[in-house]
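Worksheet: one structure, shown below.
Chains: A, B and C, in written order; residue numbering restarts at 1 for each.
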Amino acid sequence: MLPVPKKYFVTAAEAEGKSKLTAFDNALLKAGIGNVNLLRVSSILPPEAEFTPGMQIPPGSLVPTAYGSIVSEIPGERIAAAIAVGIGVDADSFGVIMEYTGKCTKEEAEATITRMVEEAFEVRGKALKEVKVNAVDHVVEKIGCAFAAAPLWY
Amino acid sequence: MLPVPKKYFVTAAEAEGKSKLTAFDNALLKAGIGNVNLLRVSSILPPEAEFTPGMQIPPGSLVPTAYGSIVSEIPGERIAAAIAVGIGVDADSFGVIMEYTGKCTKEEAEATITRMVEEAFEVRGKALKEVKVNAVDHVVEKIGCAFAAAPLWY
Amino acid sequence: MLPVPKKYFVTAAEAEGKSKLTAFDNALLKAGIGNVNLLRVSSILPPEAEFTPGMQIPPGSLVPTAYGSIVSEIPGERIAAAIAVGIGVDADSFGVIMEYTGKCTKEEAEATITRMVEEAFEVRGKALKEVKVNAVDHVVEKIGCAFAAAPLWY
């Protein structure tokens, strides 16, 4: 089987670019994960994974990551991305990661994603201890991206 | 290299949620794979992979999965998702996995995906022995998701 | 951690199919990677990865791949896909992979993606030595796909 991640952090950033993909690339760089290979996952925090902010991951690594990304080419439009990791009372159990993107403020994205994590715990019948949230918004100049992620690592 | 999966099953489910992502999350839970990390793949059944329904996968695992998902916020709309695994006459060879989503009935989705698997075998010049299909449809109440998947495992 | 890829190549192809997904599947077959499982990544060439065109990858393998794909059902419409790998002057450092798809010619896609790689190197403050580009365009008959990829392998 594929090795199960043991660490994680949350990050969010916004950027402009000359194209949609380079706006995304620039947001990844500002989020601190622009030089690795994101492998998108949906979206469970493995049991006993440790919160490790500031972690350095070698360039080119394959990094399982739950993320949300929104790109807009409409000048003046506000876009937002949020990531949230819900951690249960039951310390050795898994957590749930949610991502959200929309045309709204950072605060609205944070409120929305917190409700999403609460719903995810409720349907699983798990008690929620803590939600780690990271969100960002961006007012588009030419081509803008808002990005939020929970990279999982070893 | 990444380890090649040795087992698989097929699953499908539908659900409502309070948001698009939690509708998807709820469908995954009903499909029996809501507590793992889906790594989306396109879409080959490895040679000699064994059909293993009812398999339990540890929470948080990285699970290579071919899947299709459709979410709708239009009350009354019917949505469907189907997964099909085509297995060849040549027992030690690989199979082909197809996913389909649309605004149709479960039966229409099943017919469509079966034709897709037949086309995939035809272009490869392979003889088809069996198609394992799983499909579901859902009439949206507020925010609904139809989901179908072939998880690959070890 | 997941093993870091050591080899790569670039490929592009176009095809028709009876459905969107089989058009995609047919393009993958023509690109030489139709019988493996693509794991989509974004989009860094690992340090010291070796350019290895013509590589054979066993069927069913999980292959980390940066790719772009566009499907159209509008007869007569021209679609294009391009992939580019930028390699730096600094030989032991990582490279950057960009993908692009659009409704344009192959030549326009090549020009666009080359600018994208240049931007990606510029924002990283890295000097660009070489860009490997592969692009394709396709005029849709019924349901067509243009696809370009940089598979990473071991």
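A few points about this structure:
Here is the rule we use: a residue touches a chain if its C-beta (ideal position, glycine included) is under 8 Å from a C-beta of that chain, and two chains touch if they have at least 3 such contacts.
These numbers come from a predicted model, not from an experiment.
If touching chains are joined by edges, the resulting network of the protein chains shown connects every chain directly with every other.
Per the C-alpha superposition, subunit B sits rotated 120 degrees relative to subunit C, a value rounded to a multiple of 5. With centres defined as mean CA coordinates, subunit C is found 25 Å away from subunit A.
Chain contacts: subunit C has residues 2-3, 39-40, 64 touching two or more partner chains. Residues 1-5, 39-47, 49, 64, 66, 93-94, 96, 98-100, 112, 115-116, 119-120, 123-124, 152 of subunit C are the ones touching subunit A in the complex.
Those residues of subunit B whose C-beta lies close enough to touch subunit A in the complex are 2-3, 17-19, 21-22, 24-26, 28-29, 34-40, 58-62, 64, 153-154.
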